Every structure is written in structure tokens, then in C-alpha cells.
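All chains are identified by letter, namely A, B, C, D, E and F, in their written order; residue positions are counted from 1 within each chain.
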């Protein structure tokens, strides 16, 4: 079956990001395909390259990166939600005149159309939310 | 009177950051002093330098910066909460081997001790929260 | 309704969080991609549709303006929880757009009638 | 209690959000700076103190371990809402640390007795 | 004398109830952000059950189309004045 | 046939109630994250009022010290299997 996963929960403050990650691993372990993971709202912070995590804690963004590299996952971060929150790639940094950027490798900024396309293309869409 | 303000709400997703900013302006307009603004939990995202806001929307981080510059405010971002969430300054970037950083000028990373010190030093401590 | 249809559920009050705006953005995007979309307002989300909003004083954009554009995008299936309205002392006439009120018994079939249900 | 004293209020369940851990960190910091601090657990926060937590499967650290260190930091004024416990079918004996249960009538005076009240 | 602020809407009844229980007769509750909906007529009985006085932050009520008697509403300056006239501030969120 | 997931604790009763109202008799509710507390004995009557079946994500129950009969708990693999065996997934948060 083809799954897509929507993550609206930020790492650290809410558990939803970690639950989504475990769910994604289980989907793949069961032999299903993940068409896309779409990060929306404060969930865009899953795509940061700049976490500095204590050695005994897991970095959620790094775990997404590792999973994506292993399984060739499409990790899409909602561009409108991201740039408002200060999560940008090199291209957006150039457009807005910022010297720095912070989108982690393996993530891609794109529009909400990718969310809609994922709904149409996937057999199952599963959302992991925060609260507010 | 001496005020300190604690901001736990992130910009964009929650209103608390904007309410805190308006409150801070009103405190200063009334002739009181703001000892410190302390950003905790997802409130640390108020300190990002990388927001790209549409021209007709206000950037909350930029408004904090402007207010701090005008009134010499002490804007302190909880360092433990920040580095976990990927909000770092040049020094932390160096320590963790990151090429980029994203803490806005005018904000400073420091420990929770600054929150406790603010409680002891201020006549009033007012907290603006998100939800989760 | 076409084979694929999306139901967006929103349960949050406007302005206190960005949920109202974010749910609208999903619905509008569905429409731009010519996908049939319905919106379901439960709990505090019925406040999203209150008339007379004026958020200039809190530095936010008026949601009423976006909501009034929904018919232009052919988004006209707006469902509102009858209980949510009643508990808040509101009537459909207090709302900025015409809506269908649905009671508990109709909720399950509304979910069943859509291919995908997105919570925002 | 010294002239200045801080009350930390927490109302969130553990693990679903970082609130439990964040409230503990504030309390521990007060103690490190030798400031008297009390903790008040209301609503779902009483679950923070449940015995037998084992969060290895969700990639988080065990809060019980941190909680058991509280007496070492002289943090022993732990207040728990009596109603919150009762509504959840819990008893003080289900909790990892000794606590004082307080009812509604005592809540106002608890707030009054502290110089600063911090919600996390 | 405590100033309580509450920013949660009616679906979060637990937050309102804890605030209600914590209030004394000389306290003031300031409804802010999504908390302003508690000032609607539908919740009048609950609001009247509070010890102490209730005020509403004007900008938040106006933003949401919540139409209230002017006497209930205060601006940001008056919010600051309430902080000064009360001993401390407790935030419910 | 819908799989509902719910991650909100008892203080957020409104979330549980909406989920309850939305469920049909052939639906399944999976309690995850802070939602697992609804499986405590104190809430048994509410849980029994649900149409459909109820399961609990094992890792979340164990994390929180919520001790449940093994028959109620499922692992992540079984979560995926429930997604497959139901037509769609609705998330309550």
C-alpha cells in the first residue's frame, strides 16, 4: 500500500514528531511504500539542520534524515509555513537577503499542493498533530 | 516598577508572542522598566533571524529587535531549550560543528538561572504561554 | 462529488493559534488543484465564522475576508457542529457564510462520505 | 519560607509535551540558585508523578528518575490537586513521591503564599 | 490580590475551572486572546460564579467579533495598570 | 470503516467527545500519546460508551506507567495493520 504522513507537531515540545517517525519505520518494515512525508504548521521545525542535541538524546531531524537516506523518502516542508517561521534553504536565504540558512539536507521546501497531491496519490494519509 | 516578561509561545502559530510584545510596549509607555524578556520552550523561536515574512505581515522577531534596540532591553533565550530546537548563535554553531546559525542580533542565549534571577529582581513577572 | 474528495476538520478558535488560517489554506489549495473539498467546523472552530471580526489591533489579517472568498473558489460545503453552535449561544445567522449544521448522528456519515479526512 | 518564594504550576501530562520536563527544569534551577520553590500539579499533571514509567520505547528520558532526585535538591513542597487525583481514580500512594493533596479551598491561599507564580 | 490572565477558549473548560477555583474575592481575571469568548452571554452563569472581577482585553474581543459593553473592556495600558495594582500575576494557558 | 487516533489526555474532554460522536460501530479507536490515559479504570464508562473497538499503543502506555491488559495493547506494526484494514484514518488532536 502507498502511505503519506502529515506531521504538524514540532520536535522537542510535542511527541507527535517522534510518533510519526516510529510509524514511518513500521510502515516501511511492513513492506509498504511512503509516497511523501509532509511537514506543516510548527511541524516544519522537524526540518532544521541546526539542532544541538545532548549525546544521550535523539535528534528527531537527524532521524528523519537517516530514514530518508535509507529509504529514499520524499520529505517535503511546507514553504509558506517554513519561511514565516525562519526555516529556509539556501535559495530562500538568497531571495530574502539572509546570510544563513537552516534546512537540513534531505528535506525540500515546497507548496501545499504537495499535500493535496499526496492525498490523491496515497491509499492512506495519516496525520500526527500537536495541540495548538 | 520593574517588570520581567516570560514568553513561552512561538511566533506565527500562537498569539502569545504578539500579546507579549504589545504588553511590553505598554509597560514601557507607562514609564515602567523591563528588567528582562525571557524566552522559554517553543518561545525560543521568537529569536530567529531567518524569518521571511510577507510584506503585509509583521515579523514578531523583528519587532522584538526593534523594541530592544530602542529601549535597551535584555532579550534572553533559554539556551537549553534553544539548542535542542535548532536555534543557535555563532558560538554554539562552532561548538557543535554547524556552518550556519540563526539567532537574531539583540537576543542572547543564556541559562534558566536568568529566569530565576528575573523573578527575584522584578516587582512583577508576567508569563505569556502557548498551549501545549 | 467526484471519486476523490477531501474533508478538512478544524476545531480551533481563530487568532489564538494559526489553525484557522492553516485549515483555510489547505482548503483553498485543494480548490486550486480542482479537488472537491469540504470544511467541518467543530468545537471552538465555529468562532472562526463569526461576523464582525476586526483583528487589526492584534496585528493579524481578517479571516472574514478570506472566508468571503471561499464561494469564488467553489468551496461551499461548509459544515458546522450543531452542538458547538448551541453550546456557545450562536445561530447560523451569526456566521459570515451560509453553512449546514450537522448533529452528532450525521457526523459519522460525513466522515464516511469523503475519501480523505485531514485534521488541522 | 524565605521572603521570596516561587510556585511552579504545571497542568500537562508527561511525554505528550515537554511541559513536565520543562517545569522540573525551572524548579531545579530555583534550587541551584538557593531559592525556595514549590511545585503544584493540577489537571493532567498528576500523571507526571505516576509510578512505573518506562519511556524507552518512545525515545524519551524517564521523568521518574528526575523526580526521585527532587528531595536531594530540597524540593519537597509538592502539591497535587485533590480533585485532579480523584477524577483520574488515583491515590497519593500511586505517586512516586510524597505529596500534599490540596482541595479547591486551599488553592487560593497557596497562590497567595508565594511571591511569584510561574506557569509552565 | 492576584491578577489572573486566561487565554483559553470554551472547549478548554478545565483551564477555566482551575482559574475559577484559584480566585479570591479581591482577585481580578483578565480574559485575553481566545479567553475572551468566555464573556459571551452563553457563559454568563459561569462568569458570574467567579469570585472577583472580570475584565476583557479590548483588542482581542474586537479581533474576534465579540461585542461587549465598553465597561468590560480594557486596553493594553489598563492591563499594565492592573499588574501594578495587584500583587502578582498568574497566567492560565 | 475508519481508524481514529486520539492523542489528548482527559483534561481535553472536548476532543474525546467529538471523536466519540464521530465513531461508527465498525470503526476502531487507537489511543496514542497522552490519549492512553483514557484507558484507565476511572474512564471505563466513557470508553464503553464508544461505538466500535478500542486499542492502545503499547509504547505510549508503558512510557506513562499505565498498566493495561495485554489484549488492549498493540505495537507500531499493528498500528500500520489497522491503517491497512480500515478505509481511512482520522486523527483527533
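Simple rule for what comes next: a residue touches a chain if its C-beta (ideal position, glycine included) is under 8 Å from a C-beta of that chain, and two chains touch if they have at least 3 such contacts.
Since this is a predicted model, take the numbers as computed values, not measurements.
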Contact-richer chain pair [A-C vs C-E]: C-E
Far-end chain from chain B, centres as C-alpha averages: F
Intercentroid distance (Cα basis), chain E paired with chain D, Å: 26
Inter-chain centre distance, chain B versus chain F - centres from mean C-alpha coordinates, in Å: 38
Of all residues in chain B, the ones touching two or more other chains: 8, 12-15, 19, 22, 41, 57, 81, 125, 127, 129-132
Residues of chain E whose C-beta touches two or more other chains: 7, 11-12, 14, 33-34, 59-60, 88-89, 91, 93
Contacts with two or more other chains, residues of chain D listed in rising order: 11-12, 15-18, 43, 58, 60, 115-116, 119
Chain-to-chain touches, reported pairwise for every pair that qualifies: A-B, A-C, A-D, A-F, B-C, B-D, B-E, C-E, C-F, D-E, D-F, E-F
Parts of chain D lying in touch with chain A, wherever the complex brings them together: 15-18, 58-61
Touching residues on chain D, where the partner in the complex is chain B: 4, 6, 12, 16-19, 22, 25-26, 29-30, 32-33, 35, 115-116, 118-120
Chain D-touching residues of chain F, taken from the complex the two chains share: 7, 9-11, 33-34, 37, 40-43, 58-60, 62-67
Contacting residues of chain B [partner chain E, same complex]: 1, 3, 8, 15-16, 19, 22-23, 25-27, 29-30, 32, 124-131
Residue numbers on chain F that touch chain E, as the complex places them: 11-14
